[in-house]
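Here chain A shows up in two complexes: once beside chain B, once beside chain C.
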Partner chain A sequence: MSVLKCEKLVKTYGQHRVLQGLDLTLESGKIYGLIGRNGAGKTTLLSMMSNQNPLTGGTVTLDGEPVWENPKALHRICFARELNISAESGLSKYTVKRYLQTAATFLPHWDREMADRLIRDFDLDPKKKLGKLSKGMLSMLTITVALASKAEFTFLDEPVAGLDVVAREQFYKLLLDEYTDTGRTFVISTHIIEEAADVMEEVIILNRGKILLMENIQALTSRACHVTGLAEEVDRAVGGLDCHGTEVLGRSKAVTVLLREGEAVSKNCDVTVQPLSLQKLFVALCQEEA
Partner chain B sequence: MRRFHWIKEGLVQAAVILSAAAVYTLFLFMTGDSTKSLHDYFEMATIYLVGMAVIMPAIFNIYTYTQTVPLTLSFGVTRKEVWLGLQLYRIAMLLPVMGANVLLFVLGSRVDILVSLVLTLAGGLYFSGIGGFSGALTVKLGRGTLLMIALVWIVSLALAAVLVVIPVVNKKVDILIYILPLVGTLVYTLCTCFEKKAIKALCVK
Partner chain C sequence: MQQKLTEEKSIYLQISEMLETDILRGILLEEERVPSTNELAKLYTINPATAAKGINILVDNGILYKRRGIGMFVSAGAKEKIRERRKQEFYDRRLKELLAEAHSLGITRQELMDHIEKGEA
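Up next is the complex of A and B:
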């Protein structure tokens, strides 16, 4: 089993510290969801793990070998990011065909057949310039590169940005098909948490340059709950538990609880206990941190 | 295949420069008067091509930095490979232009072939280096670099002019054949060292 490991990762832009000594281990054969608020450091983390952004501190290794400037390791990693089609990036003049040809030149495991099929499925015109593509179409192109790269570790940054619901479903299906066929590792950074939660195996919650939580999604959602009721009843029910995102409205109170092994909300109290979605849990955790 | 990508980029841009020069020469020929000989046309085309060979690689180098370099890095290419690729790209761009320059020099001015080769190589190296340096500046400094690049170009053009004019005024033109390649190689080396550092720190956005 291959392991991509980040140790004490630090990134600063001028005075601003984006990543603060972050530790992360990614195992092969999993789909990870990377979620976090805007500016949490998601793209920075993914770009540092793929040699696209120099490290300020720490190390990134793949099976013990450093990733930085290591062609052997980089051949196994692909970071398909949101395309920056600004005038200064110069990419706007590229046609879809030329862009994919360049990808094919540099990505060593490129599956041309798959790329051609995806372009047809997404109804992308190969002769069209990138500058003329909509945000959704650019996302389709990014997805095409990510899947056709056949890289063992594939990172997708906001892959569904701008995609309509049909195209999003198409993407999730393609991703699952590819994952089932090849067992590749995918890391998907997204803000559309509920949809992506269905395809993720593990979730990584990043907040202010630190990993807030990393866990199997099923295990996490099964131990998360939302407790509501009269404030004194809620306090009695959740006493000693790991509480987050407390909301008070008059005499009522709502608390998000993350139960540890063997723990439970007290049944002798007059409170309502409801399961919690990943999105709600994320909001509770990040609101509290903010 | 990966190396050929850079060579192809250089050759495409060389083709643009040569096509522009060819069109200009044809234009001169079509609109010229009968008193001019073919030799005169070649001489005029030489001057034009030299100008193009100076300015165009500089522009192309900046363009490559903002387009090809980040793109290749985003496909998992190492910075070292990108740097080496840039050298290949420049050679591929310069060689055909230099070849055409030498040919036009010989046809037009009947200058010694070695002299014309040395002069065009020196000019190519000098301005390619400056072009690369300007490109590296754009990635190093990000926005607000236009003024800086303009300054770099004013200084480098002035330096090149001084290097040529002083021996000409002092009637020591022969010395140019030694000075110019030396300066060209030195400037190119310094600029590519700076480039190497700029690329190493480059962050793909």
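Up next is the complex of A and C:
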């Protein structure tokens, strides 16, 4: 099994400290979801793990070898960035076909047949210039590059941004097809949490340049709950538990609880205990930090 | 009032049930003002018309009443009324469902009684 490891990763842009000593270990053969608010450092993290952004501090290693300017390691990693094409950008004159040919020269495991098939599936015209593509179409192109790269570790930065719901479902299916066929490792950043939650195995929650949580999604959501009721009753029910995002409204109180092994919300309290979706849990955890 | 909305039931029904639960629990007291439809709409990020529909059910059932120009208030005797109705629902629906399930599992009356006593202990 391969391991991609970040240790004490630091990144500053001028005065702005984006990543603050971040540790992260990715094991091969999993689909990871990377979630975090705008500006949390998701894109920075992905670009640093793939040699596209110099480190201010810390190390990134693949099976013990540094990734930085190391072709051997980099041949196993592909980071498909979100494409933003402005009219002035040289890329805007590229056709879809030429863009894919260029991508192929950088990606040693490129699967041309797959790329052609995906372009057809997405109904993208190979002769069309990138400057003429909509946001959704650019996302489809990025997805095509990521999947056809056949890289052992593939990072996708907001691959579903701008895609309609049908195309998003199509992407999740393509991803699962590829994953079940090859067992490649994917890290996917997204803001559409609830949809992606079903296809991810582990979720990485990034907040203010730090890993807030990294856990198996099913394990995480099964230990999260939302407790509401009369404030005194809620306090009695959740005493000693790991509580987050407490909100008081008149005599009423609401808390998000993350139960640890063997813990439970006290019985015999007149409170409502509800399960929480990953999205609602994420909101509760991030609101608290704000 | 602070419970999370679920997808399993219409939102306006959840709104009215939550307000009822809060009255039962003493979070909202009789003759006290309840949040307006606009306040509820903001709290749950739902359309005010949906919140109004939930409130109207409670007005129709005599749980809330309107004071012109001031807002919605909890009626006197609302708590007892809710308790009675929920009790009736418990017997009519949940207990019957429970007995039907027990029957289909072949649980005897005596076994059931034993477990109820154990559960209370």
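Simple rule for what comes next: the second predicted complex is superposed on the first by the 287 of 290 C-alpha atoms of A that agree within 3 Å, B and C clash if a C-alpha of one lies under 4 Å from a C-alpha of the other, contacts with A are read in each partner's own complex, and residues count from 1 in each chain.
Convention: a contact is a pair of C-beta atoms (placed from the backbone, for glycine too) under 8 Å apart; a residue touches a chain by one contact, two chains touch by 3 or more.
Keep in mind that this is a model prediction, so the values were computed, not measured.
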| item | value |
| --- | --- |
| Contacts of A:56 with chain B and chain C, given as first, second, both or neither | neither |
| Partner chain in contact with A:84 - chain B first, chain C second, else both or neither | first |
| First (chain B), second (chain C), both or neither touched by A:233 | second |
| First, second, both or neither for A:20, with chain B first and chain C second | neither |
| Most chain A residues touched (candidates chain B, chain C) | B |
| Which superposed partner A:287 touches (first chain B, second chain C, both, neither) | neither |
| Touched partner set for A:74, first chain B, second chain C, both or neither | first |
| Chain B-facing residues of chain A, complex | 47, 50-54, 69-71, 74-75, 77-79, 81, 84, 88-91, 93-94, 102-103, 105-107, 151 |
| Chain A-touching residues of chain C, taken from the complex the two chains share | 1-4, 6, 21-22, 25-28, 43 |
| Residues of chain A touching chain C in the complex | 226, 228-230, 233, 247, 249-254, 270, 272, 274, 276, 280 |
| Touching residues on chain B, where the partner in the complex is chain A | 1-2, 5, 63, 66-67, 70-81, 143, 200-205 |
